[in-house]
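Which chain is which? They are A, B, C and D, in the order written, and residues in each are numbered from 1.
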């Protein structure tokens, strides 16, 4: 028992894809997913996506790293006070290096976390709309729609120059 | 810019994935030779662990010698990868696309090699984990004032970030490979692709994350070799205790790293017939960067001597006099000539556009940069404050074997990389190609 | 009870071996209780026993520290008048005699094939008894001969008595350095054939003609102490010291001036000085008549002729004479191999005359108490013995702890003659070249296991007691003699009432008790003597007069027969190996020779100019040839030998003296002639002419020195005397003020510190060996030393300043400076080295991972790394101090200021409910120092000696500009005024 | 992929097993040559610890009483018990008793009983409820953590060389 959940169009040309997006959005289709072998800003713009929130993860990670660095160095030094080289127990200049490195480390890990959570990777199964060609030389546009809307969407896709239109069934 | 014959996406896929096809006899012979050297190095290391560091040539007062030389050398090699992949990315330098994957791989493998040496050089390597930040016996933590702990943090962070960067960059390519591979390779690439499909959502977050990783990696790479240089500069050893060490080391690291990338790219390009992707133009750009770093390094050498002379400090001046004229003068002159004089040959366009010259000079720079670290470490320690404790270092078979083993270790990974991963980023090459438009124009 | 103590020891030796593995996971150990507790021994606590050092004939008093019944450290006995608590490196190493891995562990009997095979004590004694009985039956008892080293007191008496009972009087007390010329010269000049007391301390000028009194001559520890007292700066003055001899020895290096005269002309110079003193009317305390007669004697030695003969500038001769005559009193010393040429006696007579005219005899040269070394057999007596042996007059030869095969010139033929003796019996703790030739070998106790008494100077009765139970199946020499007498039966058995040597000893001490202290009961006297290490009588000096007549025949002009291209050979007793008996002690092998800085070897010192002329380079293996023999030795270029002279240290070149001694260099005695010096019958050490030829081979010499010069780095500093006098109470300079990034940290209770007086340090190395003993320092061997991996926590850096013709040697003991701002600490990633609240820079061995960063960052380079897990060949491991960790491979170590002693001192003070007092805690180096150059104490206590020394105008700290704030303050060596 | 994981996990397991086996054993209670019971002596008869381990007061080492000391009582007391007869056997053979050590410190540690006894630390603090034990068991594992915790609590010295030699 399969149910149609959308339709995917395969494009050979980037401008065709962009046109298809514009047509579909104009046609009231908002649940669109573009698939492309390379990243293109135009696609995001056409789809009207907002700026990625990954940078917030980076910022939070970085701040967390810095605080961890300072806390780690200062707290452990006070916890077991040992004098070395006549320096005070809390030798901030020496601790800056650790703080800096942890800022970077946590920032990078935060970024990675941001990427993984936002981009929904890793995933075990590829999407139903996926076609290996999308990683090679073809662009795809997956229109999420009900079975009633399939024909309209297909029309629009073809109209924009899709080489191939395929129904996606769940 | 990728030039040559008319390239399309499919062509690029085909050309670049071809490097991953089953290897020939030459490859396996290389691999075998490499593994033999590696095993010999491991045997030497085991001997050292079992018998004690005394089997190496290390002695009083030269307590650090070629193990730390190797450490600094390999960390330095790592730097060019990040420079090319992160800094040039931020500056939107277009020629990076074809070379950055290899450079990044060099970074990761060089760090994997460098990371061994702090352990190799320990007197009791079985306690290396005491350097890690965790609560130890009696509630004691490591000493965060020690530059060696800074090193642990810096190198560890660098290793993690480089790997994240490397694998992140690899993911879309892995998707390409996955889709074209069969059997266990499909499984492997499928795993590495992590379910990549190239959706707009994935791409949007991916480009953002990649940008931030590059932005983080840039200060990181500068900090790492600065921290490594502080291993020396924070001490009070004449010849080490100098404020110019951080920039001097960073420049030196990039210098050696670029040379290593050239050294590796040239055979790679030839073996895999990638002339269309790694063109003379790419190599020339690398050579131009080498001129820059070579000039900085040469300037640093002069500055060091100037400071030593101008400070009128007996200890400092003796250290530098000894460098140029003492027992290790040969190493010093190798360093001066190979690192700062020979790269000036790249000012001649004919030489920097000639592959054999490029290859030869890049190897000389590698040698020169290795000796730079050797000279800094060994000559300074050999002549410190107390003349009664002056001494010499002569390497013995164990030190040399472990050093050889470390090169084998690095090349083992590089050989595997060359055969199992795309040595040129497919996606970024595609990005550089004209986008396919209906009008057939550049997008 | 004895058996149990032994068992306990056995168990301990196993425990000790387990302890060596150090930081490894522990296996269940056994805990062995005493069957019956030994009162003195509390496990975990040290017990001390007073005894006497027998490493050389000087007879210093020693205290032995024992733990759980084993000796772990020896120190000087403060109550003993010879050394007053100090001890030299050789004395420290007596422990390695006790625990030497090559000790003879059971009796050995030579079988038909000529190899020594182990036998039981019973068999050995029975075998000997039957042979002796046979001899006695044949009436050959008169030919039984005993040869011992310098023995005094009860053991000496017992040997003589034993010999007499068997019908013989053939007895030799053999020492290679028997001071025959001194004794003969004293007989000729003053009518007493003795070695007198030399009072260095009260002298204001010392002139030494070849006498290496800081190294090996007569009683070096005593003389070093007196010398340091004489040299100390008091009331604007310090004593002066001039050394005359062909080689810059350690003693010469401590002089204001080293005057290198033509070899063999020291006597001429002395007579020249006498001439100047007489001519200028500087004579003290003599009658006009006597002066006149002396003038007649020395008339021919006018200073110009003397200058020609000796090579000393004429003005210099005059100046020297005036300087010496200014002495109030002065002291001229003569002796040592450097002046023991063919005219040794003449030289010594001249020196006696010099002392006499300067009014020193009776003041600084006193005939009473005299040295018991005066009783030593002469070299000529040894030659007579050899002749007797050759003729078959010696029916049996007994040895104990002497090695004439090694220490007599090969040309004398002792070894060959030994083959003619039908019965050779050796009683020895160690195998050596002579023991190897014996038919029967009895293993004896080492001095640390023995009862005995030693009288180095008249009236100075040092008492020896065993510090521990014997380690092996050995016997004391006295017990062996008594046992043999008992087994012989008949008169010999009846002659001795005593069952053991212990009883024999006590019997003699009863006599002493009667004579000295009959007011207390004997047991009290005995226990007190054991506690103090002996009883010490004051023996008054006896007046002597000069016998002028006798002198006139003696004073002919000395000369050395020269031969073109030949060198004068100067063999000299090594500071560390003496006559060779120290060569099997690893500590001594590893202790660098102070002047050459070489270890584990023997070499030929040749002047760089001579070397250049002959194309000789450092380390070239040379053939050294004399009319009497030939050896091969590596060359060491040394500006401290006079051109035309080559010098070889005595003591190496052993062929059968254990693993540490064998196969190192060559023995220079192979080059010496047989004939004795005619007047004294002593061995003419200086006589032969040698030629050198390169073999073309190279030899590795293991030097510990990275540089002879300090390149104006201010490590070893001096202050001219005049400058010091100008300060007189004023502050010399302000403390170096530096801008600090951080405030100084607090030391709540103590701040340990040290002061090292370079004016007192003579560079002898006693501190180095003391440190090895106290802190379980590993001995690494020649190859590792050559690599720079010696483990010494304290080293004596030797620097040479000034022009080569007038070298100024400076010694600096260098050890961890315990810096307040220690550069080693912040670089350690794991807090293995940190600053403790008492100002110590501590090293936590088991925390160390071995990055060696601390060593790189130490400007003083005093940190040592364990390149391997070093091994102590059994039973040397039994010496290990249980209070100090034995470090394993891969760990950094360094001076701790003897933290175990600090802990012990604090715990003791706490137990006694009082604060720690100045002087409670003395690190091993400071304790051993013969000149007390090292002072340790609490810098927080303003009254402590170290705090006061820190205010001394001579103070400085090494590399002050680095702002490491060391806890060690050095006091500059005082450079005397340029004149004289 | 799975193979790699299995290999990795297996390796980790082997490594931890090896590491664990190398660690000193804890809580040991080996059989002693004589089944001496602290429960009877210290527990039932309430003999003070320092009566037998007298050196604890004056020496770093608490020590074990000599065989002679044991015999002081056991010549008569409980002379019929088999374990006491074992003791007498040792005494008659003039052999020391090879007790098996339970509490020990590594070579690099300086520990002295004296200051601890003087400070009034109960023996049980470090040796556990020894008066209840028939056979001595390592009831307390003497690690550095434990030493430091107590020193911190009692404000005793935290200087490294107090314990490290």
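Quick note on the criterion: a residue touches a chain if its C-beta (ideal position, glycine included) is under 8 Å from a C-beta of that chain, and two chains touch if they have at least 3 such contacts.
Owing to the predicted nature of the structure, the values given are computational and were not obtained by experimental measurement.
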item: Taking each chain's C-alpha mean as its centre, the one farthest from chain A; value: C
item: Between the pairs C-D and A-B, the one where more C-beta pairs touch; value: A-B
item: Mean-CA-position distance for chain D and chain C (Å); value: 46
item: Centre-of-Cα separation between chain D and chain A, whole angstrom; value: 62
item: Rounded Å distance between chain A and chain B, as computed from the means of their C-alpha atoms; value: 30
item: CA centroid of chain B to CA centroid of chain D, Å; value: 54
item: Residues of chain B whose C-beta touches two or more other chains; value: 138-140, 143, 145, 149
item: Residues of chain C engaged with two or more neighbouring chains; value: 823, 826-828, 831, 834, 847
item: For chain D, residues that touch 2 or more chains besides their own; value: 160
item: Residues of chain B that touch chain D when the two form their complex; value: 137-139, 187-188, 191
item: Parts of chain C lying in touch with chain D, wherever the complex brings them together; value: 3-4, 7-8, 11, 19, 22-23, 25-26, 28-37, 42-45, 834, 836-838, 840, 842, 844-847, 883-886, 896, 899-900, 902-903, 907, 910-911
item: Touch list for chain D against partner chain C, complex; value: 22-24, 28, 30, 55, 58-61, 63-69, 90-91, 94-101, 104, 106-108, 110, 112, 114-115, 118, 159-162, 164-165
item: In the complex, chain A residues that touch chain B; value: 12-16, 33-40, 43-44, 47, 49, 51-52, 54-55, 58, 62, 72-73, 76-77, 79-80, 82, 84-85, 87, 91, 94-95, 97-98, 100-102, 104-105, 107-109, 111-112, 114-115, 118-127, 130, 132, 134-137, 161
item: Residues on chain C engaged by chain B in the complex (per definition of touch); value: 705-707, 709-713, 715, 784, 787-790, 795, 797-799, 814, 823, 826-831, 847-853, 855-857, 859-861, 864-869, 888-892, 959, 962
